[in-house]
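Per-chain residue numbering starts at 1, and chain names A, B, C and D are given in the order in which the chains are listed.
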Amino acid sequence: MPAVESTVQVRYAETDQMGVVYYANYLVWMEVARVAYCREAGFEYSDMERESGAYLAVTEARCSYRSPARFNDKVRIVCRVTEVRSRTVRFAYEMRRGGELLATGETLHAVTNAQGKMIRMPERYRKFFPLSR
Amino acid sequence: MPAVESTVQVRYAETDQMGVVYYANYLVWMEVARVAYCREAGFEYSDMERESGAYLAVTEARCSYRSPARFNDKVRIVCRVTEVRSRTVRFAYEMRRGGELLATGETLHAVTNAQGKMIRMPERYRKFFPLSR
Amino acid sequence: MPAVESTVQVRYAETDQMGVVYYANYLVWMEVARVAYCREAGFEYSDMERESGAYLAVTEARCSYRSPARFNDKVRIVCRVTEVRSRTVRFAYEMRRGGELLATGETLHAVTNAQGKMIRMPERYRKFFPLSR
Amino acid sequence: MPAVESTVQVRYAETDQMGVVYYANYLVWMEVARVAYCREAGFEYSDMERESGAYLAVTEARCSYRSPARFNDKVRIVCRVTEVRSRTVRFAYEMRRGGELLATGETLHAVTNAQGKMIRMPERYRKFFPLSR
């Protein structure tokens, strides 16, 4: 499975009084990129929740900010899966404006049921997250 | 039931590049004020959802912006119930910094079940929303 | 100037524990639609702020919620200018999922300088907001 | 300088359809805790920006999520400075509901001017961030 690229255009709502995008919003863009990754991999994340009762709950997130995104920028987010275990999945992200690297990030997710208890990735979704070697 | 006053201190996250609070965030403050209203009236809104499966779904919201709130401001929100029917409740809000009026708002809510279907206000919660004459 | 249509795909971040989009986020979508309107009309709103120091500050906003938007929905927002005066502009919005009307809204804006003082719409931007008769 | 404790009460706006707080919002709470830290240390962060033109721009952020915060929870955030250099400051955070640890986090900040260029911490603010040995 190759990397999947998404694009967001910066909303006014996402800026702060420093005139740049508020730092927490990069995590929202990572979510947008993850959902696009799932779609490209072959399933809608919303279906995974609804049909299998399986959730990708975030257990760790980090972001390194290199250069600030600004209102109206088109930000490309490259998302890849960097680690898959029976109950966890790790995603990595690169956010760019044109060729310029704005930020890199990473999220680690536990597969859980609706009650938040860790479960194994449902059988039918395993193929979408090829085990890394 | 008199008006109930809450206070929020403006978060950096709530500002935008105009240097003032982004307009949608006033609706979040109205929610904070409604929840405080319920608490003062005698119940936790979270209990109403959890125990009675009754939700106050917003069907209309409006806000008039007079003077912008800024980062770090302490904003007082006065909230009152202005209309109660068997299946709807209306709240009004005044937001002030010191004596200065920043904004006024209003929300209309339908009482619904978890599926979003309109229901009558559960018996045990009616006393907290005295019927207007 | 005809209506301009934009599309947003609902983000997980935009939902709340009721399982639907939190009500304040519809105002964010209205902003997305306004910015798209400006682009279609012939200018970038970001340029208007940066080059002319003119801002469209929101003075009133309202939204009527008919049917809730949900995670992953593609929401189309039709935006039109419904009133133009020398110092104010009014936009109206219709938000739909497929043919279904989810919400309608309206925002009134004052043209201001960077300090928030009302000014006349800069000459070069007037043509993008044809005066209504 | 000891740790500084703040409290936020979870807003409905901060939850998502999983029924828990959306992961990016913990970073907003870290900001609330940082601003409270500054106040306790002896200055308003808003004054630092306005009077000295010095900003604490986030260059790295991370959060580990142990147990989810839910609507209406009172979340205590303990914030401490863990590293100070001439041009950077590092904060660490612990978020708890009662005695239960919900999350830990960390942010690294560059001191910058309004244009985002790294500068030395202004003289008058150095005393509030005692250099670590």
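Throughout what follows, contacts are C-beta pairs under 8 Å (C-beta built on N, C-alpha and C of every residue); 3 or more make two chains touch, one makes a residue touch a chain.
Not measured: the values here are computed from a predicted model.
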Same or different contact residues where subunit C meets its copy subunit B, judged by the half mark: same
Most distant chain from subunit A, judged by the mean position of its C-alpha atoms: B
Same-interface partner of A-D, chosen from the options C-D, B-C or A-B, over half of the pairs matching: B-C
Separation of subunit A from subunit B, taking each centre as the mean of its C-alpha atoms, in whole Å: 32
Centroid distance [mean C-alpha coordinates] between subunit C and subunit B, Å: 23
Euclidean distance of C-alpha centroids - subunit B vs subunit D, Å: 28
Multi-chain contact residues (two or more partners), subunit D: 12-13, 18, 20, 24, 28, 31, 71
Complex contacts: residues of subunit C adjacent to subunit A: 11-13, 28, 31-32, 35, 44-46, 71-72
Contact set on subunit A toward subunit D in their complex: 18, 20, 23-25, 27-28, 31, 55, 57-65, 68, 107, 116
Contacting residues of subunit B [partner subunit A, same complex]: 12-13, 15-20, 22, 24, 71
